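Below is one structure, written out as structure tokens; the observations come after it.
Chain lettering (A, B, C and D) follows the sequence in which the chains are written, and residue indices restart at 1 in each chain.
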Amino acid sequence: MASDRAVEIAERVEQFVRTVVVPYEQDPRCGSHGPSDDLVHEMRGHARSAGVLTPHILSDGRHLSHRDTALVLRKTGLSPLGSVACNTFAPDEGNMYLLGKVGSEEIKQRFLSPLVEGRSRSAFFMTEPASDGGAGSDPSMMKTTAVLDGNHWRVNGRKAFITGADGADIGIIMAASDDGACMFMVDLPNPAIKIERILDTIDSSMPGGHAVVSITDLRIPADQMLGASGEGFRYAQVRLAPARLTHCMRWLGTCERAQEIAEDYAVSRQAFGKLLVDHEGVGFMLAENKIALEQCRLTIDWCADVLDQGELGLLESSMAKVAVSEALFKVADRCVQVMGGSGVSGDTIVEQAFRELRAFRIYDGPTEVHKWSIAKKIKRKALERRAVSEEKS
Amino acid sequence: MMLDMATRTAFNEDHHTFRETVRKVLEREVQPRIEDHERDGIVGRDEWLAAGEAGLLCPTVAEEYGGLGLDFRFNCVVTEELAYLGSWAGFPLQSDIAVDYIEHYGNDRIREAFLGKMISGEIIAAIAMTEPGTGSDLQGIQTTAKRIGDEWVINGSKTYITNGQNADIVIVVAKTNPDAGSKGISLIVVEADRPGFDRGRNLDKIGQHSADTSELFFNDVHVPADNILGAENQGFAYLMDQLPQERLSIAISAQASAQRAFDEAVNFTRERKAFGKPIIEFQNSQFQFADLKTKLQVGWAHLDWAINRHCEGKLTAAEASAAKLWHSETLSDVADMALQLHGGAGYMNEYPIAQLWRDQRVLRIYGGTSEVMKIVIGRSI
Amino acid sequence: MASDRAVEIAERVEQFVRTVVVPYEQDPRCGSHGPSDDLVHEMRGHARSAGVLTPHILSDGRHLSHRDTALVLRKTGLSPLGSVACNTFAPDEGNMYLLGKVGSEEIKQRFLSPLVEGRSRSAFFMTEPASDGGAGSDPSMMKTTAVLDGNHWRVNGRKAFITGADGADIGIIMAASDDGACMFMVDLPNPAIKIERILDTIDSSMPGGHAVVSITDLRIPADQMLGASGEGFRYAQVRLAPARLTHCMRWLGTCERAQEIAEDYAVSRQAFGKLLVDHEGVGFMLAENKIALEQCRLTIDWCADVLDQGELGLLESSMAKVAVSEALFKVADRCVQVMGGSGVSGDTIVEQAFRELRAFRIYDGPTEVHKWSIAKKIKRKALERRAVSEEKS
Amino acid sequence: MMLDMATRTAFNEDHHTFRETVRKVLEREVQPRIEDHERDGIVGRDEWLAAGEAGLLCPTVAEEYGGLGLDFRFNCVVTEELAYLGSWAGFPLQSDIAVDYIEHYGNDRIREAFLGKMISGEIIAAIAMTEPGTGSDLQGIQTTAKRIGDEWVINGSKTYITNGQNADIVIVVAKTNPDAGSKGISLIVVEADRPGFDRGRNLDKIGQHSADTSELFFNDVHVPADNILGAENQGFAYLMDQLPQERLSIAISAQASAQRAFDEAVNFTRERKAFGKPIIEFQNSQFQFADLKTKLQVGWAHLDWAINRHCEGKLTAAEASAAKLWHSETLSDVADMALQLHGGAGYMNEYPIAQLWRDQRVLRIYGGTSEVMKIVIGRSI
């Protein structure tokens, strides 16, 4: 169960998102690469006043439990702008989590604080262009290198799909040293980090969009390494499952809102002499959505409980990511269909939800990659079971 | 990359020859400008005129009205090639839908005035059916046309009108007897330069940006009494008569677009590697492709059956609705999986699959939603 | 969370089902109308010795919480015979629940005790033949009548799909008096209750199968009325949601077992030069199953929690029934497919699971009827929301 | 209730006339005995002889071998009608699959001995491919045939063999060169009265009880050397050659069976009421029926395309596999929903839909599972 504290925070967040953020949804500053930084700052100002900025991190720096976070982030997700307004969006939310877990005091002071205060934006430079043969969804193929050069590291490489890189103030850069993968903190912009282009994508909720970035002879002082050299993959795994899951939380909120909009549409519009909702063809779609949304909530809470027990939760978060992203996409698709022509227009956030959820079935590991790894785990366990039963007999 | 004709059963040599022309014209006139069309939200007049000059518009119009008097299969060729190319230029609306109303139900003056120029592309037509408060349920429309002397006076508003920005003439579906339900509907041609006619903004849509789509407003618009198509209050019956062809036309676009999605995914996954091998070689990819290829094989066989049946005058309303339903739903399945097979590139608008995926969503909605198709088919059981 | 007590019970049950019950699965006494009464008694004897007979009811007559019951019944369901062996099967389990809730002390003594002790079987005579225009899935159309005649009730009518009627010792009979629906307890067999025929159905787990029954001038002493006259629908609702949910629990267990069997098959068999599980076409199906099974468990637990809070849970149990029955059927279907030819043969319980789950999508309310009622509830809530927002503006 | 020919494109008048005969024979000889077949797990010899006498068996066999030399469409007629009737009598295995091996690859003695009697129904054939340890992967088979003098000596066991109980002759797929993988496989005819040949029990299956299905055991079975079909070690190639027709045959059964499921559901829901109105009138029922009818329309169009293509010798292995995949998967969808529309009656075996639902499940497995179909199709991309 979510704590009373989380329930109270969630209520304030919901109130804020519904009354303050939702009216911004038709703001012209919502562009195809996410809301402009100007709009972000304006909404953040309101969030600060309302006491709902970075609501999942307590004033002493501790995070809510994953289970509590699930409730709060669902509410920030009620608008596609809500998570940006409340500073619970990707990649900052995951980056804050990571820095809180593995950052030294100096790093926290210098890089984490401005993020928590909603004054800075950050980007996580991990994925590399698959076309270069680099690390697509597979971090073990890291091609970006870090070479120690006196008391500095020199980093070279290319990164792709870097969400929020354009306009970010802080970067976490992953590169391979002789010890293995490392992470570095850098201030942005930096002339050695060049945004080659910002991709034009079908989703549009994340400020700065998704960029392809080249890193050329980037010099980073040695004390800006996050943690220890060669530990980068371990740190990435710390971030991995929670970050997957917070996507699920936010998009669940968005689809719950899409469902509300579709429901409202279905009880306010007539076709062939009766309310849309009274057509079974419509009512059944809404019923399927209601069931699917409940199951998504349960699946997220289940995985959050696993993480709260201190597990890495790689299997569980894979299962949750597949289940939630696929189910929410179907929910959004049915909302579009219930609303017909207005479902494909920008009049409501339903069409955005549809586009966002389509992308979510791919980023943070496509469904297929997760199924592949789940199948491997099934195989391992079944072989163990077989070995045990053969031993017995 | 082009549509394969080897297994098709609807076309003869004449159609194949025509298809070569269509491909050349589209490649020269439309393909280089698709990005412009997407950005501008509309296809330019020049492309319309070029299409008209090359004989791509309205090939079925009888010779006596300046047309070529060809069979509907020639329309199919254009519709297929355009969809496969990934352009949503409103040619099919002109050729497969609008022109038939003018030719079949217009009086001599109307035919004289419009048919030739529709063939040449000088006149672009739209059909104004849907209204802000109604979906596919025609009986709920509120736009009225009142007979005052020798004129019709039209009031109301329409939305989601394809070719709405470009249109020179609009075939308006209006109530001429508001108390008579479906028996009080007429079709009236409104020229776009009539006072009181206004276009709203070019609507912001999820996809098909090249197809201009608008709200249209009619505020005491006066047109001559003989701008009516066919008989007064018979509009509903005319619409019903034309619907099978409209729905077949959408089915054709859907099938060709699905083939394009498949071809894109095959090409992409042959090149792109993951975990050290081309994505196409993963068994899951193979299985998904096998599933899609199967659907396409079934789809082409069915589409040719439907085209042949339509050209023989046998395609029923329920059969055409089933075609629209199946091909548009199948397109959604195919496009979705084709995108998924692209991985991260799939949601980059720069890849054709991303645009195709956005473009296709509305096929399950326009021309009658899937749910309305099911109502129509359900009634035939 | 399930209690420690339930975990302990569940472990014993699982041990019992796997070691004692599973070997009976190929017993020729498993017929198309369920296991024979002879086989049932034999297995029950073992269950009694092992201390796992009626494991969800404590020695003082209290039931485990619904949440605890969920865990225990999943384990009895690990074999399609397990729930019969442990006396947690339908309709007895639901009937025991009902009698425990609304039975007088005399009724409990006389009718409930032998059920709990696993000495008797019971049947619940509610559904009526749709072909008679009677109460199919719709109890408000009850056509069976009860007329007071001195200190007896005289009951007449026809009932259909009466599970376990053949061979039952105890019947709960629903009929309409002038006050409304009533329930009566009767000893069986009774010459006034005639089994017209036992339906030959595609499922085969329930002893006695499903019968069509005619009731002609059945005389029941007035003190054998369960509760009060006219309260029958309320009582039926007491039984309704929990009984729906226990089906979900048992079949979840069965499908978990089917998945184990399919997994074992996939790691022991080769095709085209590698283990079946290493074919993505197989591995992905097993991964989908794993996700679906977890979601079914979560959905059942969620609904059980609602019931444990004292709610009737009609909406939640409808949602759970649709979600679980549809998902488990797909799980069973994929298990069949993974196993190819042996999946459609009687060699393992996989083919039975497939048939059983097919039937479960229909009994206890077909999916469509549940969606219909969920849609009505969505409509009501959306209209309320609309009224509120119109009031505000 | 019967299959509608009005929209079909594969058949001419001769086929229609033949179909009338087939219907009469099946109605007289098979339909009254379906319950017996289900109970006994086998179709009787009398029915086979009656089918043979009426010309239903092996219509394609050349006149020189005592056949009628008709085209494969006549086989299609029998397969369709049998599946629509709900009988899984093994006639299609005999006519569409087994007889071609004998006719195409058998020597004169073999043809002489078996063809006439296969046509008359006096000889029933089976094909023994699958083994207990292998699925559709032929390279994994373990049954061996060793050449000793003038004989083949066969050892091994087979399972899931249709017509296994009835069979008078069995075409055995055996390894004649165990080290050569797919290039070491041969086809050898084994007469059922040879010493060392044994039948296992008639297998307990989920459905298709009327189709006897068995394990077969070969324990030092001696047959003459010229019982081999075609050349030694060429069996794999022959199997590959015949597979498209086998898969098409399964696709035909699937489509006809799906049509029957639909017709059953329509009839049932017209009669049966819920909440006071016929079930067919609920919108959900209408939508489901619309969806099913659409799939059937698409399916018939595709099936006729495939039949025509096969008869023109153009149907590829991948196309036939796609047909088998699509029609069997579609059958499962249609049968499942048709059952659901029956409600409680749907899981009563007394209703044809319950039997049909059980019967159809295996079509996604036999003749190559859906997954194997996808492998075959995937390779063609």
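Quick note on the criterion: a contact is a pair of C-beta atoms (placed from the backbone, for glycine too) under 8 Å apart; a residue touches a chain by one contact, two chains touch by 3 or more.
Because the structure is predicted, anything quoted here is derived from the model rather than measured.
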{"item": "Most remote chain, CA-based centroid, reference being chain C", "value": "B"}
{"item": "Pair of chains joined by more contacts [C-beta pairs], A-D or C-D", "value": "C-D"}
{"item": "Chain A-chain C separation of Cα centroids, rounded to whole Å", "value": "41"}
{"item": "Between chain B and chain C, centroid-to-centroid distance (C-alpha), Å", "value": "52"}
{"item": "Chain B, residues touching no fewer than two other chains", "value": "282-284, 287, 371, 374-375"}
{"item": "Multi-partner residues of chain A (each touching 2 or more other chains)", "value": "279-281, 284, 368, 371-372"}
{"item": "List of chain A residues in touch with chain D within their complex", "value": "279-281, 284"}
{"item": "Residues of chain C touching chain D in the complex", "value": "127, 130-131, 133, 136-138, 160-161, 199-203, 269-272, 279, 281-282, 336-337, 340-341, 343-346, 351, 354-355, 358-359, 361-363, 366-368, 371-372"}
{"item": "Chain B residues within the chain A interface of the complex", "value": "130, 133-137, 139-140, 159-160, 203-207, 272-275, 282, 284, 336, 339-340, 343-344, 346-350, 354, 357-358, 361-362, 364-366, 369-371, 374-375"}
{"item": "Chain B-touching residues of chain D, taken from the complex the two chains share", "value": "7, 9, 266, 280, 283, 286-287, 289-291, 293-295, 297-299, 301-302, 304-306, 308-309, 318-319, 322-323, 325-326, 371, 373-381"}
{"item": "Touching residues (chain side chain A, partner chain C) in the complex", "value": "260, 263-264, 266-268, 275, 277-278, 280, 283-284, 286-288, 290-291, 294-295, 298-299, 302, 319, 322-323, 368, 370-372, 374-376, 378-379, 381-383, 385-386"}
